[in-house]
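The structure appears right after this line, and notes come after that.
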Amino acid sequence: MADAATPTPHAAEHAAEHPSYLAHHFAGIDQQFEAGSLGMWVFLVTEIMFFGGLFAGYAVYRHLYLPGFEAGSRLLDVRFGAANTAVLIGSSLTMALAVRAAQMNRRKALILCLILTMLLGAAFLGIKFTYEWSHDYEDHLVPGMGFSYPGPNAPAIQLFFCFYFFMTGLHALHMVIGLGIMAVLVWMAARGKFDDGYYSPIEVSGLYWHFIDIVWIFLFPLLYLVGGRY
Amino acid sequence: MIPHAIAAALLDAGQKWPGFELHPESASTIADGVDELHFFLTAVTLFFTFVIFTVIFYFMVRYRRKSEDEQPPETRTYLPLELTWTLVPTALCVVVFVWSSSLYFQNSRAPNAAMEIFVVGKQWMWHLQHPEGVREINELHVPVGVPVKLTMTSQDVIHDFYIPAFRVKQDVLPGRYVSIWFQATKTGRFHFFCSQYCGTGHASMIGWVEVMSPDDYAAWLAGGTRGETMLQAGERLFQQYGCATCHVADGSGRGPSLAGQFGKPQKLRDGQTLVVDEGFLRRAITQPNSMPLPNYAPVMPSFQGQLNEEQILQLIAYVKSLAGEERKTKGQ
Amino acid sequence: MSAAPGAPAAARVDYLNADYGIRSWLLTTDHKRIALLYLGTITLMFFVGGTLAVLMRLHLIDPAGALVHPDTYNKLFTMHGIIMIFFFLIPSIPAVLGNFLVPLMIGAKDLAFPKINLLSWYVFITGASLALYSLVAGGVDTGWTFYTPYSSTYSNSHVISMAIGVFITGFSSILTGLNFIVTIHKMRAPGLTWFRMPLFLWAIYGTSLIMILATPVIAITIMLVGAERILHVGIFDPALGGDPLLFQHLFWFYSHPAVYIMILPGMGVISELITCFSRKKIFGYSFVAFSSMAIAVISFLVWGHHMFVAGQSVYAALIFSLLSFLVAIPSAIKVFNWTATLYQGSISYEAPMLYALGFIGLFTMGGLTGLFLASLATDVHLSGTYFIVAHFHYIMVGGAVMAYMGGLHFWWPKITGRLYPDMWARIAAAIIFFGFNLTFFPQFMLGYLGMPRRYATYPAEFQILNVMSSAGASILGIGYLIPLIYLIWSIRYGPVAPPNPWRAKGLEWQTPSPPPTYNFETTPVVTEEAYAYGPADSAEEGAHG
Amino acid sequence: MPGHVLPLRIYIGVFLALLALTALTTGVAFIDLGPLNTAAALAIAGVKMLLVVLFFMHARYSSSLVKIVILAGFFWLALLLSFTLTDVESRHWTPAPAPWSAPPQPAPKPVALQPPTRPATP
């Protein structure tokens, strides 16, 4: 419910305290902040359904072709998967600390944490591109680019790798977008745009970043650990 | 029953003005049941539409605005009325659901003594194969009064085998067997259509079901081309593609013996048990390693692409016939 | 209706003359101007889709196909489907009437995220231009359903460019839905509780829920089909053991709720029209409001009824059949409540009311024929035939388009500040009603006789009914041209509209026509029920402007 | 200002818990538990997700509306998964064939022998 700031005439409202960051159509800064975070949560629900389509396809095929999916997941290197998970959880921590620093109006800590988050995110993408995907390419495991697998269950393994590349590719794309947003935030923070009164862009980007971490938290076991490593 | 009277009236109306039929022919055992449900639903639709139209017209005339500053009385929400027009439609829906679901369940169970015909849909024609070896394109000859089961698959995209006069329809999927059954009650020629969009020739993928008396059918079958029956074709392929080297009848080969396997449950290595039906055999031929057996190494090569759909059906017909010998050997 | 004859509007600044020039339109963040941008775009797409429909009906006059080669006919019905659904029906009421009215009806200055609102129009324009490119470059022949393996492996038409177009347009729906949800939750005027809101807002809220929860699934599905065509490998590839039914599950998980995205806002408009033109409070407000929510939720549980004959398991079909019956109940409740609202009313028959009454009749027919398709036994016979084509056209054209036309005429004075010629509007409504019935009622019989849909040529015994349907289609086509003409005419030559020409309730009628850019001088405080057409009505008749 | 400032130790604690759970789920994968493996992996992932949502994303301290939005998201995902898997799982449960006995055949009337019509062959 909008808190009923006394309905002063519209023209007067313009002249009264109207800090630069308060959009004209909001009654107060609280309403703008709540609208922003609710908007991001609703967007994250659409992202859940967006990844959900892939998870549904994965679940159906894992049920239909279990041996192929288990063999496919054993071809992945679980060491890099676990390392990537730790890196992403680290970046989630630094992002949370960045939001905390913004809440407590510590600009230097905010900028430091944001840069740390970006570095960890870049590390994740680095491990993913250089170590995992390039190895898969050399091992002819990339569907559509010279996929060949001599052993049994080749079609099912190719299906598994279709899912592997669609899911991790979509996740990596979201990471790249996240890094872009972080860069803009660092630039804005450096110019002193945020203080403990106005930090909703940081909070909202933090929600987005944590969501990407949650997607990876589910991707790691489903892709790397399905059917066990014994 | 009233629907039969309506159906008969509509039918002869159709005869009088050709091209203006209102009721399709009903030429199979399930057609009348489906028509009864259809007439009931039509009656419900017409009743509610008639009620809504007349009530609205009455209100429109009775309460038309006479002067600009007319003051209609306050609207009182009247809970019992709201409950009635919530519960009555719900009850009606549940009744129709139970009626239609039981009818559907009944119609989907093919009788066990059904005569089997194999259908392969490919882009823009239907291949139909009788076990006795006769093959037809866009034509299906069946005896009247005998339940016929069609086991169908597609060679490329999704098609759909639809015989309006028998009220049966089933999408035909690539890579899988689907089946429908019907028992014709009238002789004559009835249309069948492809009713799932499949490309340029979707509209030309139609044909005729020719329902004949049992004697005419026997005569037609005898007159058919003297090709090898599906069993003989299957046996030839079984030798030609080297299946016999591994699948030796007494189980001494690298592969399991296939005698007597059809129709029995088969336990897989991961604990699943599946019934050995046409779909199981087709998957074993095209993707052998996706169903590893407990005590056999997954070394069987995939025949995907080497055998076309008709040949796979012939191989399966041959494996099904092996089931018979096993019972025979046990008999002696 | 008191029309000030031709008096020039006092030189008052409103959202239309507040600013001039292309930049003021293409970079606007004013929800009212964005609504007009959407209005222009979807009107263009409606007439493109409509021309395709007329071509199809002309082709089907002759059983052997009079006009075009079967390949072209396949492209005609595919493009007709795609353009009408993704580029007209889904955005029509939410993006045009919703964008314009949601802030006005809740007493806010604008939507929660104005810049995102403009972004959603640009996303829509990108998708629409990709679709028009695909149409001009040679069309798509997969049907609007894009069923694999035909769409992913066998079709050789412009599927990739159309898939990307539909993928991008999906995000326009998502962003609009997101905007409405946050606005309705966070920016209502003081005193405007949920149960004092107009029912149009309840319907828009339900529609937005469906938009944000369903659209992402088709975005990912269409992306997978596009990827499969580019890489020649993918999860729907039958050679790899891909399951064609998986595509149908993912596709219909969006596409059935999508048909409720198209009809639910229409129901919201009808609630507004029926109450205003019978000068009565809605009968059973909370029942109609909750039925919008019920439709939004249950619409996600029923998609399997599109796949009863597709090879789905018998037991899953039973579950979907029962739920499909239950989704009809909220719609029935709405129809009964609208009819009850007319009781003891003072009904006047301006054009919006004719559209509303037409909607109730045709929507009842459309909804009840849905029962044939929810019930398993009859759906086996009717699925894939013209019965289905008739059913969804009764809901889409008889329902959603009639409601859109009614809403457009009802709020036209508020949007443009001009009155349209009501006599012409009534004639057009009657022509549309008659042309529609002549077009689609014969198709019910064609479907029962067993004529499959998407056929370029058909057996001769279906010809008479097809000729009747084609005749109706030309009448319907003319019926839709008439409003285009007199509405455009009214923008320049129509009499100036007073703030409240229909003496209707609702916050949007308390602003001048057309409203200023910031909508309300002071944020209004709401004290009374929605549709308070009681005795107090004539006292303060649209007092403050 | 809305939004809750959490003490540092909560963030560090959650971080360490998440790392521990990652190690646990990787470790469990190396033990053969049969179908339990998948259940364990998903349960651990669920716990990690709860930790991130409740503490890092401040869901625990935000309005009930946000909580409902989160639950709705997962509920709709569950809808998509459960109905699709119901169909895939129950697809081969075809109902048992119906018993059928041929209706009494009327006595075959003598039929004149006509030359068999040759059907269209490929």
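Residue numbering begins at 1 within each chain, and the chains themselves are lettered A, B, C and D in the order written.
One rule holds in what follows: a contact is a pair of C-beta atoms (placed from the backbone, for glycine too) under 8 Å apart; a residue touches a chain by one contact, two chains touch by 3 or more.
Here the structure is a predicted model, which means the values were calculated and not measured.
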Farthest-lying chain, centroid of Cα atoms versus that of chain D: C
Computed distance of Cα centres, chain C from chain B, in Å: 35
Centroid spacing, where centroids are CA-atom means, of chain C and chain D in whole angstrom: 32
Distance from chain D to chain A - Cα centre to Cα centre, in angstrom: 23
Chain C, residues touching no fewer than two other chains: 185, 213, 217, 239, 241, 243, 245-246, 249-250, 311, 314
Multi-partner residues of chain B (at least 2 other chains): 105, 108, 287, 290
Residue numbers of chain D (touch at least two other chains): 65, 72, 76, 80, 84, 88-89, 92, 94-95
Chain contact topology (line, ring, star, complete or other): complete
Interface residues, chain A side, partner chain B - complex: 65-68, 152-153, 155-156
Contact footprint of chain D on chain A as seen in their complex: 30, 33-34, 37-38, 41-42, 44-45, 48-49, 52-53, 55-56, 59-60, 63-64, 78, 82, 85-86, 89-90, 92-93, 95-97, 100, 103-104, 196-197, 203, 206-207, 210-211, 213-214, 217-218, 220-222, 224-230
Chain D-touching residues of chain B, taken from the complex the two chains share: 105-106, 108-114, 127, 134-137, 139, 141, 145-147, 214-216, 219-220, 222-225, 274-275, 279
Residues of chain B that touch chain A when the two form their complex: 269-270, 287-290, 292, 298-299
Contact footprint of chain C on chain B as seen in their complex: 18-24, 33-34, 37-38, 41, 44-45, 48-49, 52-53, 55-56, 59-60, 63-66, 69-75, 77-78, 81-82, 85-86, 89-90, 93-94, 96-97, 99-101, 103-105, 107-108, 123, 156-158, 160, 162, 164-165, 167-171, 173-176, 178, 191, 193-204, 206, 287, 290, 304
